[in-house]
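In what comes next, chain A is part of two complexes: it sits with chain B in the first one and with chain C in the second one.
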Partner chain A sequence: MTNASRASSITRRKLLKASAAGAALAVFPAPLIAQTKPFAGVTLHGASFQHRFFTLLAKYIPEFEDKTGMKVDLQLSALPVYNQQANLELSSGGSAYDFVNVTFTLATRWIAAGLLANLDEFTGDANLTPAEWNPKDFVDGAQVPYRDAKGATYGYSWEGGAMLMGLSRMDLMEKKGLKIPKTFAELQQVCAEINGTDGVSGLVSWFLHNWNLPPYIQGFGGNIFKNPPGDVMPALNTPEAIQGVEFYAKLLKSAPTGVLTYTEDQARQAMLTGRANIFIHSSAWVTPILLSDESKVKETSRVVRSPAGPVHDYPASNSQGLGIPKNAKNQKAAWEFIKWALSPEISMKLVREHGHSSICRRSIITSDDYRKLNTVNGQDLGALYLEVLEQPGKGENYMAYRTSKEFPIVGDVLNKAFEQVATGQLPAKDAMNAAQDQAIAALRRAGTKL
Partner chain B sequence: MERRRFIAFALTPSLIVLFAVAVLPAIYLIVTSLTPFQLTTPGSATDFSEPLRNYRLLPGDPRFVNSLAVQAKLSVASVLFQVLLGMLLALLLNVPSRFVEFARTFFLIPMVLPPIVVAVIWKLIYAPDISPLYYAAQALHVTLPALTSSVDFALTSIVIADTWEWTPFTFLMVLAALQTIPDEYSEAALVDGANKLQIFWYVTLPFITPILVISGMFRLIDSVKAFPLIFLLTGGGPGTVTEVTNYYAYLLAFDTNEIGYSSAVTVVMLLLVCGISLGLVWMGRRKEALA
Partner chain C sequence: MSESSLRKATPGRLVAITVTLLILLSPFLWLLQMSFKTNDEILQFPPPLIFTPTLQNYISLWHSAFSASFVNSLLSASLSTTLALLFGVPAAYALSRWAGRGKHALSFAILVTRMAPPIAFTIPFFLFYRWIGLLDTITGLVLVYTSFNLPLVIWMMQPFFDTIPVSLEEAALVDGARTRTVFTKIVLPMVTPGIAATAILCFLYAWNDFFFALILTRTNARTAPVAVVNFMNYEGWEWGKIAAGGSLVMAPVLIFSLAVRRYLVSGLTAGAVKG
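After this line comes the complex of A and B, so read on.
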């Protein structure tokens, strides 16, 4: 190739490039091209507590960053540490975070104090939220904590926990001619009959009594408050509450020694190794007993609905949400992240690629893929999970006690009172009368008008 | 004058740092205790409308009163055991032998472990389903109760763990004191016909008494900080059997968000510790003056 022809070819290439650029500009106007990375240069600051969901999500965040041009700085801490940080940051009107985990138990107080942005403004704007994102696809029961009295939404749930009953030794049950308990009375009987057989305890539980105990109080027709969230007068010494406390304390007599101070892990180990027969807890904990590789009771396990009380059948449930602080600097970018993180696509990826099933999108939970992955020993665990998660959204929101801002104080008093009953320090009636007085005094001290 | 100025100049940076890291937070704690500060109540941190409300409520709070009693039981029992055991060990190991010198270092291990490690070790010992203690008891056909969740044993289990952790401190202090006693005194007593018990009572004990008092004082002040053990082993339970004052303050601040009230509890604790320290210093000086 001569010098002359090389010069001519370079000129031609330049010409071609210039033509292509010109054509692109004509088809896509300049502002639209800039919008392909609409958040270029934005660093999005978010915070939550450590959870498998975020560990899995972190794998996909580079794709999101690449698509939007923003950088995501996600700060994860232990749950109590996160709650403190977020409480302090939000209540002081700070703008350090663009999105936050709206912790289930703190949701109502944050919403009531006006610390979170109304997400209806984002979902209601077609330019910000495409129709296919579909906010109504989130299971209603999981969304209840993130709504104010007028129905405005302040968070979308990324995780759901539904209380189910896991049984590890169906072989032992069958040998004794025992059926899966469906009522409190049957539960009591099965636990007592299994306890001590082959060194197996009737059931196991763990130390957070204010999570484990309320379904029994409610099962007998009681509640933690008179009528939450409107009337938060404690209702700890009603005959129904006392009955619930007595029942659960009696039930724990079939549990391993030291169960009062058991951690969740200790309880899980007791189940995995077949040393305890029944564990009633969130599906996220109970289900792995069936699915885990380390389980020694895979073949003899079942996961079913937890037993119903004589008055109500109110299995506990919870969810964790993502929201945007009222004073966040990059609200639109934060919404973009929430929209992406909770999109049907990412939710399905988490289920399909990682077996992470505790998501809150109904379309995914009811999909064939989800059902295939979550059917174990012939049981459709997804259907069970959905049934329990939805329950507080239908009719009475019986989980309202848990999201009342007064619950941490009353829950702490309840924990102490229950331990006094379970260890025989006080009869249930005396312990709960004292607890009622203490709860009222503590709430008044904290400024609650009763 | 020149010297004074130099000393003041040299001390200023340290005093500034001390003020910033110790005095300022303490002042802020006192200020906060005068408010109804709650993390989720905007403006409550600066509400001084009823400054003594928290302090007025404290005597009527049964959990606070109970926590003081639990703290007193825990402190007295653990300090007593630590001082007595530390002294006994020091007396036994105050022997000029290379092996004993080597063995002494093993006794110091619990003291140098991070408190959370100590708490985990004892959690394992007290956990019935995995504990070697329970396996041993089972082998001997003895049924042990759940130590950390039993009303009768929970506080004792904390005292045992705390004693295990801190006996080396008193052991070290007493051993150092024993090694400063001149041999002539006990030799003279032996010549006079004193037996070992009399030598201990009339010669050794008077020498080591000031060290025992100082060790006890340090441990008494430090026993208020038995937080990791309680947090990990009992969570203050069962009920409020092991709920000491600092654990109650922790629950108020971090579980129920009552920062103002929790600060008032903490200020009372601070005053009590200061009072005990000053009392012990005063007692020590009075004893010196009488001597």
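After this line comes the complex of A and C, so read on.
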């Protein structure tokens, strides 16, 4: 091509481009074109703790940025680091973050202190939220921590944890004629009978007793507080609470030595290698016995509902939410992000493309794709997950103790008391009587009126 | 006690030294061996003592945000140490040579800032930094560490200057030296062990700090100790990386201390048997 012809072709191209731009301007006025990327120039600052959900989501964020014109700056830290930094930022009235993870243990505190924006204002505006986004599609039990006393919503859950029971050595149980335990009494019997067989411990657990223990206390009809969140008087020395503590301490007698200090992954590892038969914990920790490549017990494992107590069947559950700080500078942009991140489309993508199962949209959990992906060895794990996650939304919100702002203080006291019982230093009654006094004193020191 | 009895290595003493060393070094050795294991091996019970070492944890660290945090730690610790010495050493000299009333009160006032726990300053620092835009910056960290190390430098260095006879400086002045020359050419070389010991302590304080870094940094200025904690994920702790990160965090301090150990011992014990 000669220089002259190249010059002539460029000129023609430019002319064509200019004509097209002119035509577009004539049809769509300039402001309307700008509106196609309504958040152009906005940098959205968000923070959360590190989680697989965000690692997966990060892959799609460029698509979101391209669609909206905004840049997303997502800061991910370890859970304790994030909680510390976010707590400080929000409680000191900061505006560094446009959206944040609302850690469920902090949710009540943040909502009561007015640190979060009321998301009903966004979902209630048809211009901001299309009908198909459907806030009611989120599992009600997972949404409970993100509502205030009047029912206003301050967060939407992106992750759910449902307490299930994993059994790694059904072969051993069958040999002994033992069935999957459905009650506390059966659980006690199975743990005791399996313990020591073929070098397998009856049960494994981990060091955060204030997570493992309350379902047993509640199973016997007790609770951590009298009537949370309204009445947060500790209820640690009720006969039911003492019974729960005694039961759980007895259960741990069939656990490996040193279980009181086990971390979650140590406990999971004991299950994956078939060194322990039962682990009762959130689905994400239990289901790897069936799903993980590391599992040496895939063929002999089962995942089922955790056993029911004589009074209540209250398996623990939790969820993590996304919310917008009250002082966020870009609230509408933040809502756009939350809407996108928790949309049915993205949720489905995460399930289909990455097998990410701990989402909280009912329509996705009940979909055929989800069921297909999460049915292993004939077990519908999704149905189990949904059943447990829904539970606190039906009738009594029995998980309210866990999101009460007083729980961290009382939970610490409970941990120490349980260790005294489990190590045989004190009888359960004495330990829990002392714990009750300590919890009341600690709450009063912290300014709680009881 | 005679010098020969001090040096005599009896079997009893050797055993005592070995046991003491084992007790002192076991946490470090345990951490180090963990850093060469896979997560599975780390979580095995009982822990395997014979294993095939892997460098995977260190390689993963190198490719993660930890490397940037490590550089942030190096920068903030070395810059703050330099600044603290730059201002603190002349201040200590001035305080040492100053004979005016209020000297002791001033010395005590300088030390008071070190007596208060860091938590007392953290929140005001956080709010102030947010206001002036120093949150999550190396500059912000350097300023905090310098302000905490400055009193330490003054208090550590003042006794060193006190031990240098003023007559030496006067003789130099009589010979025509200027005050600055006296300070840099005569006084400073005599307190080198003290400066080395003080520098190590300042570096250690800044290097090991977790609390200020946790509150005042986010991602850009995150330091190594906070970065190590970031391997404690919600879905499980990355033990291998935690161990490798911990080993790496210890390395510069060990190297620095070994390099100046001669000065460190003489600096920290100077004046111990005087008077």
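Convention: the second predicted complex is superposed on the first by the 422 of 450 C-alpha atoms of A that agree within 3 Å, B and C clash if a C-alpha of one lies under 4 Å from a C-alpha of the other, contacts with A are read in each partner's own complex, and residues count from 1 in each chain.
To be clear about the criterion, a residue touches a chain if its C-beta (ideal position, glycine included) is under 8 Å from a C-beta of that chain, and two chains touch if they have at least 3 such contacts.
If you're wondering where the values come from, they're calculated on a predicted model, not measured in any experiment.
Asker: Will chain C clash with chain B on chain A after the two structures are superposed, or do they fit?
Answerer: Overlaying the two complexes on chain A (C-alpha atoms) leaves chain C and chain B clashing.
Asker: Using the touch definition from the top, say if A:E419 reaches chain B (first), chain C (second), both or neither.
Answerer: A:E419 contacts chain B only, not chain C.
Asker: Of the two partner chains, chain B (first) and chain C (second), which one does A:S91 touch, if any: first, second, both, or neither?
Answerer: first
Asker: With the two complexes superposed on chain A, say which partner A:S77 touches: chain B (first), chain C (second), both, or neither.
Answerer: It touches chain C, and chain B stays clear.
Asker: Tell me the contact category for A:A113 with respect to chain B and chain C: first, second, both or neither.
Answerer: Touch status of A:A113: first partner only.
Asker: Taking the superposition on A as described, I'd like to know which of chain B and chain C A:D265 touches: first, second, both or neither.
Answerer: A:D265: touches chain C, not chain B.
Asker: Taking the superposition as given, does A:L56 touch the first partner, chain B, the second, chain C, both, or neither?
Answerer: A:L56 contacts neither chain B nor chain C.
Asker: Where does A:P408 make contact in the superposed view: on chain B (first), on chain C (second), on both, or on neither?
Answerer: The first partner, chain B, only.
Asker: So, does A:A152 touch the first partner chain B, the second partner chain C, both, or neither?
Answerer: It touches nothing on chain B or chain C.
Asker: Chain A residues in contact: does chain B have more, or chain C?
Answerer: B
Asker: Going by the contact rule set out at the top, does A:P256 touch chain B (first), chain C (second), both, or neither?
Answerer: The answer is both, since A:P256 touches chain B and chain C.
Asker: If both complexes are laid over each other on chain A, which piece of chain B (9-17, 63-71 or 279-287) hits chain C?
Answerer: Clashing stretch: 9-17.
Asker: Counting contacts the way the document defines them, which residues of chain A are shared by the two interfaces, the one with chain B and the one with chain C?
Answerer: In the superposed arrangement, which is not itself an observed complex, chain A uses residues 80, 84, 88, 256, 258, 266, 269-270, 275 for both chain B and chain C.
Asker: Give the list of chain C residues in touch with chain A in this complex.
Answerer: Listed in rising order, the residues of chain C that touch chain A are 39-40, 43-45, 123, 126-127, 130, 135, 214-215, 218-219, 226, 229-237, 239.
Asker: Can you tell me which positions in chain A touch chain C when the two form their complex?
Answerer: 47, 49-52, 75, 77-81, 84-85, 88, 92, 94, 96, 256, 258, 263-266, 268-270, 275, 284, 294
Asker: Would you pull the chain B residues touching chain A in the complex into a rising list?
Answerer: So the residues of chain B in touch with chain A come to 36, 38-42, 44, 57, 60-63, 126-129, 145-151, 233-241, 243, 251, 254-258, 261.
Asker: In their shared complex, at which residues does chain A touch chain B?
Answerer: 80, 84, 87-88, 91, 93, 106, 109-110, 113, 115, 207, 256-261, 266, 269-270, 275, 405, 408-409, 412, 415-417, 419-420, 422-426, 438, 441-442, 445-447
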